[in-house]
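What follows is a pair of complexes built around chain A, which joins chain B in one and chain C in the other.
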Partner chain A sequence: MKSYRKTPGETLFAALNTLFMAFILLVTLYPFWYIAVGSVSSVAHIFSQGMLLWPDQLSLAAYEFVIGTKGVSSALGNSAFITVAGTLLSMALTTMGAYVLSKPYLPGRKTMTLFIVVTMLFNGGLIPFYLVVKSLGMIDTIWAMMIPYAISTYNMIIMRNFLQAVPRSLEESAMVDGARHFTIFAKIYLPLSMPVIATVTLFYAVGYWNSIIPAIYFLNRRDFIPIQVILREVLIQSRPEALQFIDSATSQISENIKMALVVITVAPIAVIYPFLQKYFVKGVMVGSIKG
Partner chain B sequence: MGNLAEQSASASGGLSLPARFARALQKHWELYLLFLPIVAWYAIFCYAPMGGIVIAFKDFKVLRGIWASDWVGMKNFSRFISSPAFRSTFANTIIISLMNLAFAFPAPIIFALLLNEIRSLIGKRFVQTVSYLPHFISWTIAGSLFYMMLSPSTGIVNYIVRFFGGSPVNFLGEGRYFRWILVISSVWKGLGWGAIVYLAAIAGVDEELYEAATIDGAKRFRRIWSITIPSISNVVVVMLILQVGTILNSNFEQIFIMANATVLSVGETIEYYIYRVGLSSTNNFSLAAAVGLFKSVVGFALILITNAISKRVSDGGGIW
Partner chain C sequence: MGMKRRLMALALGAAMLLSMALAACGSGGAGGSTTAASEAATTTAATAATTAEAADSSEAATTAAEAATTAAETAAPQTETAAPDEAAGPESIPVTVFIANARVESDFSNLTKEYVNENFGLDISFISGVDNWQQKYALLVSGGDIPSFSVLPAAQYYEYASQGAYADLTDIRNNYANIMGYVTDDLWPRVTVDGRIYAIPGRNTAGKWVVSYRQDWLDNLGLKVPVTYDEYVEVMRAFTEDDPDGNGANDTYGYSSNTDAYGNIILHMFYGMYGAAPEYYHVVGDEVEIDAVSEGYKQALITFKDLYDKKYVDPEVFTQKGEQFWQKLVQGKFGSWVGWWSELSGAYSSYGFEESQPGGVLVSGPAVIGPTGMSGMTANDPMDTTVAISYKFEDPDRVLKYLDWCTTDYGYRVSRYGVEGKGFTLDANGDLDYLYSRDPDRKMADGTTVEGDPEIFCFLNRIDLYPQQLLGDTIAQQKAYEGYVSGRDNPLLLNDFLGLTSEEFQNTMPDIKKYVDEMLVKFVLGDESFDNWDAYVKEYIRLGGLEVAESLLAEYNAFYGASAHIKNYQ
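Right, the complex of A and B next:
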């Protein structure tokens, strides 16, 4: 923009606006800073500070304790399995569907697209959905956390739109050379569509790691509960028994242990965040282009 | 005979439908085969539940199964509509949605407009990157953070309250704060993410417009008012319509995480009620399914109405 003489009002506006953005940064980041600082501090320190800003020590005792409990270690394992297996399943189905739907020459493609898009507008609601999952014998199995949620129509459409943009001539020349669809996908489409594959993979992985609702609906027993359920029970419902200590006499969980638990749950998201925000924003843009 | 029919069909230039189907199948069988698992998944997890809606008209008994259970007509619906839960759940849902519409909806627009006025490109990027972060964490984590920030003993919000001479408030244990906490947490979680569409619309504005306006002596507010805001108004209208159409939906996950027994009277939305009646306390599947169907039908009508309005408001508008 061209430089021009600023009036006092504009200078004031710029200053206030900068202040406002600083406020947004503070409000967004402070809760994360708070749990990080608190998780390595002593309990006394947390309670003595009106506003927690710096740790009084750098102790990993809270982390050692949390990970050492049976409740958390098994829930972390469940969440990791759900995230990895679920994402693989979702990506396999989504890629297959998107690849097929991206073929403009395929007879019946419109009907097939309609068949999946209709489900974005209509659904049977929670109870009939629950009864289907129940009738498949998935209640209280880890599969209930993945299979009923395996395909996101939105993700499939995003991917289809991207695959559609791959020039058809590439496929045709490969077909002339006798390549089958599997080869065409692996050799031509896959390398060209890495951005959208990365985006959708991250979409699914974050979704699975964060998911708690399927566990609430479908899991009555505690064998397969994910870490998010433990987090809710400990942080929000104040139920220390969720951790399943060896020493069951402990009736309260100290504040730094709670914070360590939140840090552990948020850590995978924080680690992939640089990739997330790069690809997600792109993904949103790709999705907004109608195909 | 079949051969003859096929010959005459191809001679006349077009094949009969079954013949066309057979030919497509023969030529593209691999693609259809690839799509088969997709069809199966949608049939089981999307279409079968649609068929399962019939239990809303039945007195569904798990042991007898869907088909053997007795038809009861509209009894489940009339039972819901005449119950006190009907009024309270609809009122809670609509009030929370309207509060979100009034505060959580405009917040990303204002944020996008203000962020666009930040001169430093690095500063802008940094704020934007940070602002997306809450979108990616689960509601469970967001809820946990809110519980800690609002804690009467260690929370920073009550520290500020005490700093200004107030006495600590148990924000999450009192009904009168609950809806505001929902709105504020929605803003906190969705501010940066929600701003993306608006920032994209603003980025599409021709720089020359601003330059010309500046030469003509337009000050900053005038440029925002006459160039930036009109440039995003279409997007705002579409987003607004989408939001109005979903007024009967609530964020079940958010409410499930944040609510506790003491605030349920102001926080129990239709979706929460369906969960509670159907899965959590009583397993009254038929009643819960009827409530779900009732909500879907009314909600769908709302979407049709808002879409029709949008077509009228902006030419070529409308969501479909």
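Right, the complex of A and C next:
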């Protein structure tokens, strides 16, 4: 094959493209860098620099303080539990629900799907929702953070579309060999749908890790609050809207401590992201295009 | 021993409050007569606060505080009930308390929590809703989980009180002498719903806004803190054009500001110069003037626009957020601003002003006297949050007993600053010291670091005692006191319809306010000419401005037995 030589225009385009993308990358990464640098710097340094590039010190005092703060470590534990248990629960329900709905011979399939899709557009409103959760005895339990949110309709539709695309002859041949539905589901469909499973898992995990609203609405005691609630409380304290008392224009929490808390909150979920990302992109494409 | 000390502390605290009032309004001498002391004893804490305003410099106030301590040793009128005996504390019951915004709890604040539990049998746990607190509260009430008692702003209190969510305190409040002494007469009507009282209102000072300057810049330019408008304009000009920081670059502005608690642009001082603020109403004789469409408001905007056009005002003043404002302040980008009184101290304690601007000095000034001779700052609501007890809670007396104690000197200090020995110390001679931290590194006076505070246990503010802990040695403390006094002593622009509400007001006002805010910015930026002022007034009326005013006026007339009418704007 003849080697291809780039024209000057193409080289220029590639160069500009690289520059442009690098710029986008910097703009995207800077907020992370800003927070990371601020969390090890002194308060005066944070506010005296127009653009925070380098820390003036490498102090871990803010981290030590945050870790030592009452409730932070248990809230991290709660968040981890909610994320892991919630994702397992969600995945179990979503994959099985999607499998059933993906079968064209299921009687009343269209009606059932319609009933499920309608919940994406309409819901009963906040107070009835609260009353349902309350009457199920979930107020002030960690389950209130997971069970009411166990199935995301959107994720289930993605999954159903993917499963629909699996050739039906696979199911039929397994049937001939004597397999029942659960075996077919577990041994044939699940291994074939790893891309979409990775994607939906990530959706659920990120959603559970970041969820704050259910915690605010359904938890009154502080035993089960996730880290996001503490983060929000700390960040909001210096805002003038929080001004309930006469002295609140000044923050009771130093800026570098807030930043350290942000790092601690964001880091765990940000770390798993790159590992799943290759599945993530592919999965969404596969699910949506073939649907 | 501990019991005796506590009694003593209370007695001395009471004496201190009373003699502070007398020292401030009298000659400032420590030898206040016993007659005066007993006279003062009959006055409420309100008087103490008002008279203390006479102390217009921190020096005078320090003298007052010292005098108070001395006087406390001699005269000790026992006007308050003692703190309950720890051993005799009632059996503990769990109570939930709703507060809009949670504060960080710490081992330090837990000491106060334990103290309250031991002495009042209230095992307090807080419920809060962060920024969704209004929804959270609605859910709790509609789900039948209304908290034992709720600390709420007036608007939410009215809403739920009129639905019968709270215990009627109209009669039993009379059993609590400290509460009755604490709440001023003008506040009870504010918490009256359908003729009954369902909440104890907290008190606050109305004077909150302060104008501050870079003293070092004034010195560099050979200027003084301005008093008249001409002086003010000259300072703005010099701060902008004469390179006040001497760095050779034209990179400074005269004026900038943060936004206030409701996101408004802070023009409070300019409103004060013309006696009109956009959300206020004024009753002149029998006629009600709607400030938002008044000549005074127009003049205030014209005045500010003039400074803006001359480029003395930071052009980002309408768009910047708190963080940008603070960055510019500590980077020395502007020389003056109008802000909440504690911002002056916050620059030192929270944002590292001293470290970033070596030699920089911030100083507060009086509200500038406008071109027409008027001056002032818009007044804040003298009513703080309200405390209402759930209709379901079986023992409202227990909560009232706690609140009653919270309004005593000792109770206030414990609930706000932490238990004795940790939050403050009071020795047998009556020497009072606050260990409360205003240090940038949050170091308490005893050297321990504290983030978070027990302030959450203080539901009723003692604005008369509050300034005591501002009298300290650190620059942040001194500036806090300076800002507090400056805010308190500025003349105030009052809203004659303060605290009035109506259905029309609640439904229509948000839209009107949005329009008024929008037009304010357009007028100042020059996107809209002042020639179109009449069109603005017309649109204001079309949006329902008159109906809102009429509905509030009906409340006003009913309340004060007046027969005022709205000015003719057609």
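By our rule, the second predicted complex is superposed on the first by the 226 of 291 C-alpha atoms of A that agree within 3 Å, B and C clash if a C-alpha of one lies under 4 Å from a C-alpha of the other, contacts with A are read in each partner's own complex, and residues count from 1 in each chain.
Methods note: a contact is a pair of C-beta atoms (placed from the backbone, for glycine too) under 8 Å apart; a residue touches a chain by one contact, two chains touch by 3 or more.
Given the structure is predicted, the values throughout are model-derived calculations rather than measurements.
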item: Touched partner set for A:S254, first chain B, second chain C, both or neither; value: second
item: Which of chain B and chain C A:S102 touches, first, second, both or neither; value: neither
item: Chain B versus chain C as contact partner of A:V266, first or second or both or neither; value: first
item: Chain B versus chain C as contact partner of A:T18, first or second or both or neither; value: first
item: First, second, both or neither for A:N155, with chain B first and chain C second; value: neither
item: Which superposed partner A:A44 touches (first chain B, second chain C, both, neither); value: second
item: Touching partner for A:L126 - first (chain B), second (chain C), both, neither; value: both
item: Touching partner for A:V27 - first (chain B), second (chain C), both, neither; value: first
item: Touched partner set for A:Y217, first chain B, second chain C, both or neither; value: both
item: Contacts on chain A seen with chain B and repeated with chain C across the two complexes; value: 46-47, 50, 126-127, 130-131, 212-213, 216-217, 232, 236-237, 255
item: Interface residues, chain A side, partner chain C - complex; value: 42-48, 50, 65, 69-71, 126-127, 130-131, 134, 139, 212-213, 216-217, 220-222, 229, 232-234, 236-255, 257
item: Chain A - residues contacting chain B, complex; value: 1-2, 4, 7, 9-10, 13-14, 17-18, 20-21, 24-25, 27-32, 34-35, 46-47, 50-52, 93, 96-97, 99-101, 103, 106-108, 112, 115-116, 119, 121-132, 136, 147-148, 150-151, 180-181, 206, 209-213, 216-217, 228, 231-232, 235-237, 255, 258-259, 262, 265-266, 269, 273, 276-277, 280-281, 284-285, 288
item: Contacting residues of chain B [partner chain A, same complex]; value: 20-21, 24, 28, 30-32, 34-35, 37-39, 41-42, 44-53, 55, 66, 111, 114-115, 117-119, 123, 126-127, 129-134, 136-141, 143-145, 147-149, 153-154, 156, 159, 162-163, 188, 191-192, 196-197, 200, 207, 210-211, 214-215, 219-221, 252-253, 256-258, 260, 271, 274-275, 278-279, 285, 288-289, 292-293, 295-296, 300
item: Chain A-facing residues of chain C, complex; value: 96, 99-107, 110, 125, 127-132, 135-136, 138-140, 142-143, 145, 151, 153, 204-205, 208, 258-261, 322, 326-327, 330-331, 339-343, 345-346, 349-352, 354-356, 384-385, 440, 442, 449, 451-453, 455, 458, 461, 463, 466
